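In the two complexes that follow, chain A is the common piece, with chain B as its partner first and chain C second.
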Partner chain A sequence: MIDIILQVWEKQDLSTKTIEHLAMFGWALSISIILGIGIGILIYKKTRIANVVFNILNIIELIPTLALLILFLPILGLGASPTIAACILYSILPIARNTHTGLTNINKEYIEVAKGLGLSSKEILIKVRLPFSLPLIIGGVRIAIVFTMGVVTLGGLIAAGGIGETIQTGLQFIKMDIIIVSSIWVGFLAVFFDGIAGFIEKKLKRRFDFGKSI
Partner chain B sequence: MTTKKLFERIDSVSIKNLTKKFDELYAVNDLDLDVIGGELLILIGGSGSGKTTTLKMINRLITPDSGSITINNIDTKEFDEVTLRRNIGYVIQEIGLFPHLSVKDNIGLIPKLEGWKEEKILKRVKYLLKLVDLSSDIFLNRFPKELSGGQQQRVGLARALAMDPRLLLMDEPFGALDPILRKQLQEEFIKIKKDIGRTIIFVTHDIDEAFKLGDRIAIMSNGKLIQVGTPEELILNPKNKLVANLVDADHKFRHIENLKTKDLMTPIDKKYKISADLTVKKTKDEMVKHNIELSIVVKDGKLIGCISLSDLFDKKPKETIKKLIKKPYTFHINDNLSESLLEMKKQKQFIAIIIDENVPVGIIYANEILLNLL
Partner chain C sequence: MVNLFDILVIEPLPAHLMLTVGALIISIIISIPLAALCLYNKKLATIVISFANLVQAVPSFAVLAIVVPLLGIGFTPALFAIVLRALLPIIKNTYVGLSTIDESAIHYAKGIGLTELQILRYIRFPNAYPAIFSGIKFAAILANSIAILTAMIGSGGFGENVFKYIHQYNIPFLIYSIIPVIIIAIFIELIFNLMEKKITPKPLRVK
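Right after this comes the complex of A and B.
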């Protein structure tokens, strides 16, 4: 059993593939978090713009992943870039939406106290709204982690490298050992990162979740 | 960013024609009210009377529809909102502290935003914790949820004082506490109030709290100011039934009928008693030394009479005081208080000695307020 795993691991160079995979995953997730939180912050005060933005993001969310990857072909070609781009497009929505919800659904009394003490809107955002939103934001990131792991794996179809490519190889040659080992491995990675995010979420909730009035 | 101090001291807070409507309802309706610098003014009224709305218009949390609020004759609209609020302490009931910040960070929040150095913040926080009677060692790094309601209110007060504001707005700060704790915090607050000597506007619905803490009390109803005055003024001259009921004027009046002179008398301290054999000079020296205006002359413990300091001037120093002794107004300790006071009023006497078997035991000072009650 372990022999088979080691054999597949070495032959398919899964170490390198994993690094490729995680590099794409890392880039995609980092950019998604920055953009997602950024968009959430930019639109939290502008309800109408928020509605438009979320409608657009919702529509993007509805496009099947494969279709989205192919849509990128003429612009970004094959490989890692369209894969990362697709990951980001999918991941912005949960992060931005949760950020927005977190920032806007704070118990109004806290905002009023902050104002009363003499905090400016910007200071209230940084000192009160954002800390209170952290559990929800990390909740959004958790969803994004699952999306990103899936899309990066699918990137194997368009020569993005990573573990998805190994699975492709296995499928092409109908090699069950390759398929199973690489699939389980990518599944494990997904569960692992979700677990880390879940752990952080729990910690943050304990620290920052205070009777939100949603 | 360093916010400048808008006022070194408060001379006046003047509210003129202040009006605020929520939908079609007047929350505050053409309110005129002057707060005197250094006083603690109570805003009292039932829910919906407009007291909290008024308070929030002072630090501009709520924008008035019309009218103005001036501090030291400067319209508050002319200040930057944030600057204004950093110059005004604000304490509210219940949800006051930020749950994600420690006690230290709650109190030091504004100083930190003001760019104070860490040590200066820590020093200030420790000083304020001491002021509100909390131990820095225990509470500095605690979070609000680890504190009792009373402790949270103390931290809230400390936070409001962080920037050393000259004006303090307090919105039912003790409202959420149980009665015993409330009494205790009120007592402490009276002490703190003396220490800090600030102008305070204090919202409450509890008349006992108002009487206990307020220099003056402003009674509001339906967005209007009904009457403002010292507790005595409100009891003596309630403008209408509402005020009378609120201050329970009738009840206080009735109460006096059941009292005896001993209930109101001030026990006589040894220093008030002097012997009839003393000379004028010696008596005068004694009275000046003890800083008293009136002495009670006794012989073998029994009352002979009394003598006031003013009677001793331009008298020969060597003379004994015997000839100067006056017959005081006296009542027995079990005499009815209101009858005694009525008698004093009739005779235009403001001081009476209370005796028990001819031994002077107390003094009654009948000030005008007391006499007017009858």
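Right after this comes the complex of A and C.
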């Protein structure tokens, strides 16, 4: 059993593939987090613009993953860049939406108290609104992690490398050992990162959830 | 031109629709009763919901691949893979919809002598419709998305053209061959939005 796994691992060079995979995942997720939170902050006071932005992002979300990858081919060619671009487009919505919800659905009393203390609206944003939104924002990041893992894996189909490529090799030649090892490995990675994000979410919820004390 | 339309749209359409709609119907049939059962069996609920949460994180491509050693290739394994994916959002949303309900409504219902089954039918389900519906909508979008991928394991459908043109690196034809799937996705969204408005009980409608 372990022999077979090690054999597949070495033959398919899964160590390199995993590094490629995680590199794409890391880049895509970091950029999505920056853009998502940025967009959420930029539009939290502008309801009209927020509606337009979220409608556009919602439509992007409808497009099948593979179709989105293909739509990027003429612009970005084959490889990692269309994959990362597709990841980002999918992942912005959950992060931006949750940031927006967190920033706007805050207890009015906190805002009043902060205003009474003489904080400017920028200070209120940084010291009151953002900390209270953290649990929701990380919830959005968690959804983005799942999306990003899915798209990065599919990237194997358009020569982006990563574990998806190994799965594709397995499927093409119907090599059961390759299929099983690579798909379970990528499944494990996805569950692992989702679990870490879930853990952080729980901690933050405990830290910033004051709803009951008031 | 007519010939092209045949190859790109007419020929792959039946397999694609059978995969998407078939998987969706099977998922609904399995998951709604299962979610209702979870309501009365806390142990089952914990198992099902934590399993659903766990599997939902696994990439669709990996789910599709892992089906091959179990069931081989062809239409049925492809259908199975899509069902495996489409089940989860429906189960989760149905369970959440059925279980998060105003306790006083249940008390009143018991007070006027409704049985558990009647409470489920007349109180819990109508209350859960919006949640169930958004779960089914999400599952439909997901099924439509994965139905392209399943061409890799020989299910037919639009994916067949996609993979053919990826090998030839024929970008214009690649774009043509995915446009129908995008249109179907938007169509699904529109239909479900319409149905959602119709099926939501009046007091729960957002004005």
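Before moving on, here are some points about what is shown:
Please note the rule applied: the second predicted complex is superposed on the first by the 211 of 214 C-alpha atoms of A that agree within 3 Å, B and C clash if a C-alpha of one lies under 4 Å from a C-alpha of the other, contacts with A are read in each partner's own complex, and residues count from 1 in each chain.
Just so it is clear, a residue touches a chain if its C-beta (ideal position, glycine included) is under 8 Å from a C-beta of that chain, and two chains touch if they have at least 3 such contacts.
These numbers were taken from a predicted model, which means no experiment stands behind them.
In this overlay on chain A, chain B fits alongside chain C without clashing. When the shared chain is aligned, no partner comes close enough to touch A:76: not chain B, not chain C.
In the superposition on chain A, contact is made by A:113 with chain B only, not with chain C. Using the contact criterion defined above for the overlaid structures, shared-chain residue A:123 touches chain B, although it does not reach chain C.
In the superposition on chain A, A:208 makes contact with chain B only, while chain C stays out of contact range.
With both structures placed on the common chain, the touch criterion links A:131 to chain B but leaves chain C unconnected. For the combined arrangement built by superposing the two complexes, chain A sits at the apex of an angle of 110 degrees to chain B and chain C, based on C-alpha centres and given in steps of 10.
When both complexes are overlaid on chain A, the residue A:157 reaches chain C alone and has no touch with chain B.
Between chain B and chain C, the partner in contact with more residues of chain A is C. In the superposition on chain A, A:5 makes contact with neither chain B nor chain C. Fitting both structures onto chain A leaves chain B and chain C with a minimum C-alpha separation of 22 Å. Every residue of chain A that touches chain B in the complex is listed here, in rising order: 107, 109-110, 112-120, 123, 127-128, 131-132, 207-208, 210. Contact residues of chain B toward chain A in the complex are 3, 56, 59, 61, 82-88, 90, 92, 95-96, 98-100, 109-110, 113, 159-160, 163, 169.
Within the complex formed with chain C, the residues of chain A that make contact are 59, 61-67, 70-71, 73-74, 78, 145-146, 149-150, 152-154, 156-158, 164, 167-168, 170-171, 174, 176, 179-180, 182-184, 186-187, 190-191, 193-194.
Against chain A, the residues of chain C that register as touching in their complex are 54, 56-63, 65-66, 68-69, 73, 141, 144-145, 148-149, 152-153, 159, 162-163, 166, 169, 171, 174-175, 178, 181-182, 185-186, 188-189.
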